[in-house]
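Shared between the two complexes below is chain A, which has chain B as its partner in the first and chain C in the second.
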Partner chain A sequence: MARNGAFAAIAIAALVAVPFVAPHAEYALDVLFLIFLYGAMATAWNLVGGFAGQVSFGHAAFLGIGAYATAIMTQNGISLWISVPVSALLAGAYSLVIGIPAFRLRGPYFSIATIGIGEATRLIARNWSSLTGGVSGLTLSSAPPLLLQYFAALALLVAAVGLAAWIRASRFGYALAAVRQDTDAAETLGVATTVAKTQALFLSACILGVAGSVYALHYLFVSPDSVFGFSTSIALVIMPIIGGLGTVTGPLIGAVIYTFIREQLAATLANVDLLAFGVLLIAIVVFEPRGILGIADRIRRMRKPPAVTVPDG
Partner chain B sequence: MLEVNALAVAYGDVQVLWDVTLRVERGEIVTLLGANGAGKTTLLRAVSRTVPVRGGTIVLGGERIERAPSARVVELGIAHVPEGRRLWPDMSVEDNLLLGSYPRRARSDVRGSLDYVFGLFPRVAERRAQIAGTLSGGEQQMVAIARGLMSKPSLLMLDEPSLGLAPIIVAELFETIRRINDAGTTVLLVEQNVRQALEIATRGYVVETGRVVSSGTRAELLASDEIKKAYLGL
Partner chain C sequence: MSYGLALIYGVLKIINLANAGFLMLGAYVTWWLFTAYHVDPLLAPLVIIPVFFLIGVGLERTLVRRVLGSEPIISLLLLFGVWLVLQNLAYVIWTGDTRSIENSFIESTVKLGGLQLSIPRLYVFAMGVLSLIALQLFLTRTYLGRAIRATAQDRDAARLVGVDVDRVMGIAFGIGIALAGFGGSLLSLLFSFTPDFGRVLSLKSFCIVVLGGLDSIVGVAFGSVALAIAEAFGVRYMPASMQDLISFVVLVVVLVALPKGIVGTLRSLRRG
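Presenting the complex of A and B:
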């Protein structure tokens, strides 16, 4: 744990230094910005999908609400100090509205319900034109400086990963693990399972709400099909699975890979990135469901045989 | 300490329990006997509030609990060890046990509870670092009971603890249940192994198709011709 902390501190210090060492490498800063943003979003999804085992295919809804809330408030001249926290809370509030009924369902039924919720939210955004601008979306006029965006996304990532690390080691984290592995057993042993799931979803949604703010201020454009799109929800599922579901650093590793594939492949040939994700996903599910971290763990074991062997019998 | 009055439970349109009334007094081992599908497991699940109750009351130590959330019931001192053990398979034995101390009430003395269950089940102590899903059936059952005890229950409800275990392990397990009871924990036991159950029980209820059809002390049940014929094969 202390070693992880030291490693994290060095990594953060290095990332903070990057813009000062290479102030003109705008493309690199832009890629890092995207990694931070996707990393924070994947980490947030993982609180519900990984830690609590409730796989959601509708998480774009929270990103979209945060993005639209910030866009609308910014257009009306409201300061970011107010609009960003309000965006987080709106996304959180929305998670309670949908989480309370959706968590009456379990396993695949919950997942299917989240697809419906995500799509319904997108359609509301498309049709509520007076508020959202309909299909044409909303446009903002001026972006904060790239440096500010970079640090905001980094701060969001650090907060999200820090929260995940803290939750994982806490009583709450163990309650979520109990829910994931056997919900009925957790219930009979005194874990208020629906409450725990709802809390995890709320935290997840709040982080995605802030991510939505960062998104809106970066792209200066939000539309139903971009922020509420099903492909965004799928990306949030893919990243933690690639990296390692239910781990602290897995979603971040997944975000790095996701961003590189997207940036590199989407630029060369349209839609070839989707093919790459499909192949990667199948390979991981078939060969190592624990993701990249699972592969790393295997390599470690091969190099160093376990010190303690379990006796037979 | 536990009073169930006129309890009715249904899964959707299918009614499983009709008008079930029973009591468990402090210090007893009460066993529920009956064939498969009689409603014994449902009765335990109704008490631990993991199925909705259609009618009737459940009173634990003076508090009505038939509408309480399951977490509240655990806080009040009931531990339900469900059928089929239901361990968290990817966690170590020790993490399973520590999660058993999840209720607020149990958290002040986790160390003491661990010592207690390791004393009862030395085998579990040996296996504490092992991943729970890799244990044998008998060991998993021991961990399941130990995990239940980690919440410091006053009433321990065991659902088919002998299911799928070798006879020699079953005998050992029932001896341990008796020791748990001797240490002051009341036990409500659902068991298909009627002979073993009646050996340690103080009283019993016979449940058939969702109703209590007879009840009595251990001696009365052992002497009953119906019980002998239906469950003991005599």
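Presenting the complex of A and C:
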């Protein structure tokens, strides 16, 4: 654990140093920014989808609410110090509105309901024109400097990963793992499963709300089909699975791979990137459901003589 | 198309998210046969049903079977991946342009006692009812159909009485995919479509299947009618662009409030 902490500290220090060492490498900073943002979003999704095993296909809703809340407040001249926390809380509040009914559903039924919830949210955003500007969306006039965006995204990522690492080692994390493995057994053992799931969803939604703020301030444009779009929800599902579901570092690895593949393929032909992710998703689910971390684990075991294997929790 | 979903769910106990992909593919194949080879869209199902059946069996053999033993969420994700591949393959091959099939049949109407009825709509409705009847007969009157139902009820018990469960599951999956393709082909007669075609419809299928009860064919028919009525009434009170919203709201409400579906709830009421 201490080794992980030291490693994380070095990584953070290196990433903080990047803009000062290479201030003009704007493309690289932009890619890193995206990795931080996606990494934070994937980590947030993973709290619910990985730790608690409740796969959500509607997480774009929280990102969208955060993005719209920040965009609307910024247009009305409200300071970011107020609008960003409010965005997070609005997304969190929405998660309670949908989480309390949706968590009465188990496993796959919950997943299907989240598709419906995500789509319903998008349609509301499209049609509530007086608030959201309808299909054409909202435009912001000026962006904070790239450097500030870079550090904001990095701070969000560090906070999200720190939260995930803390949850995983905490009593709360064990409760979520118990929910994932066997909800009935967890309930029998005295875990308040619905409360635990709802809390995980709330935290996840708050992180996504802030990610939405960062998104809105970076792109200066929010529309129902971008932030509330189904492809955003898909990206949030794919990243943690590529890296390793229910782990702390998995979503980060997934975000790095996702961002690179997207940057490489999005320029060539539309939708080739999603096609590649579909193939990747099938391959991972069939051959190694634990993702890249699972593959790394296998390689490590092949090199070492098999000792006592400890099942991970 | 909802029947296919119910069948696959009942027999394999997995939820086929790839249904949307095959629905869309059915529409595109119909369009492609029509524009490239001038095949009558009404004849396209003759090609689609067997081909999609074989694809379904193949998919079950190669991919789905490997994950049947693991947590339900894994198979959900696998089929989600299949859907992503199908949908984006369609974007790459056919681009995102809206396609539609146009010929004299599509525009024909018939006057029936003062009502102007579109013939394709009547045709699609008739085919829907026919396929429901055919499926119900198949499931209740043939050996294979009974084997499928037995497997759906209890896989282990079916194996004990000598049902080749592995083969049955492959066939059930194949039929489900074939029905999705058939449904897509029929719908291409009524609507224009893009590679994203299946998503909303597939959510509606989920809604219908859940509404009807997840393993009952008659329930699925009930569910379709109920959703259609809810949508038709809803449109009178809100803009048409919100129509799809109704299905999603119904879906979520039904999932939460009546997890056993209409038929299941009636059954337990009768018992209780």
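Definition applied: the second predicted complex is superposed on the first by the 306 of 313 C-alpha atoms of A that agree within 3 Å, B and C clash if a C-alpha of one lies under 4 Å from a C-alpha of the other, contacts with A are read in each partner's own complex, and residues count from 1 in each chain.
In this text, a residue touches a chain if its C-beta (ideal position, glycine included) is under 8 Å from a C-beta of that chain, and two chains touch if they have at least 3 such contacts.
Please read these numbers as outputs of a predicted model, since none were measured by experiment.
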Counting residues of chain A touched by each of chain B and chain C, the higher count belongs to C
Quick check on the superposed pair: does A:Y174 touch chain B, chain C, both, or neither? Answer first, second, both or neither.
first
Once the structures are superposed on A, label A:I124 by its partner contacts, choosing first (chain B), second (chain C), both or neither.
second
Between chain B (first) and chain C (second), which does A:A14 come into contact with in this model arrangement: first, second, both, or neither?
neither
Kindly classify A:S111 by the partners it touches after superposition: chain B alone (first), chain C alone (second), both, or neither?
second
Scan A:V55 for contacts with chain B and chain C and give back first, second, both or neither.
second
After the superposition on A, what does A:T188 contact: first (chain B), second (chain C), both or neither?
first
With both complexes overlaid on chain A, does A:V279 touch chain B (first), chain C (second), both or neither?
second
Common interface residues of chain A - those touching chain B in one complex and chain C in the other
none
State the interface residues of chain C toward chain A in the complex, per the touch definition above.
14-15, 63, 66-67, 70-74, 76-78, 80-89, 91-92, 96, 199-200, 203, 206-207, 210, 239, 241-242, 244-245, 247-249, 251-252, 255-256, 259
Residues of chain A touching chain C in the complex
53, 55, 57, 101-102, 104-105, 107-109, 111-113, 115-117, 119-120, 123-124, 126-127, 230, 234, 237, 241, 269-272, 274-275, 277-282, 285-286, 289
How about chain A: which of its residues touch chain B in the complex?
171, 174-175, 177-178, 181-182, 184-192, 308, 310
Complex contact set, residues of chain B against chain A:
48, 50, 69-71, 73-75, 79-82, 86-91, 95, 98-100, 102-103, 129-130, 147-148, 151
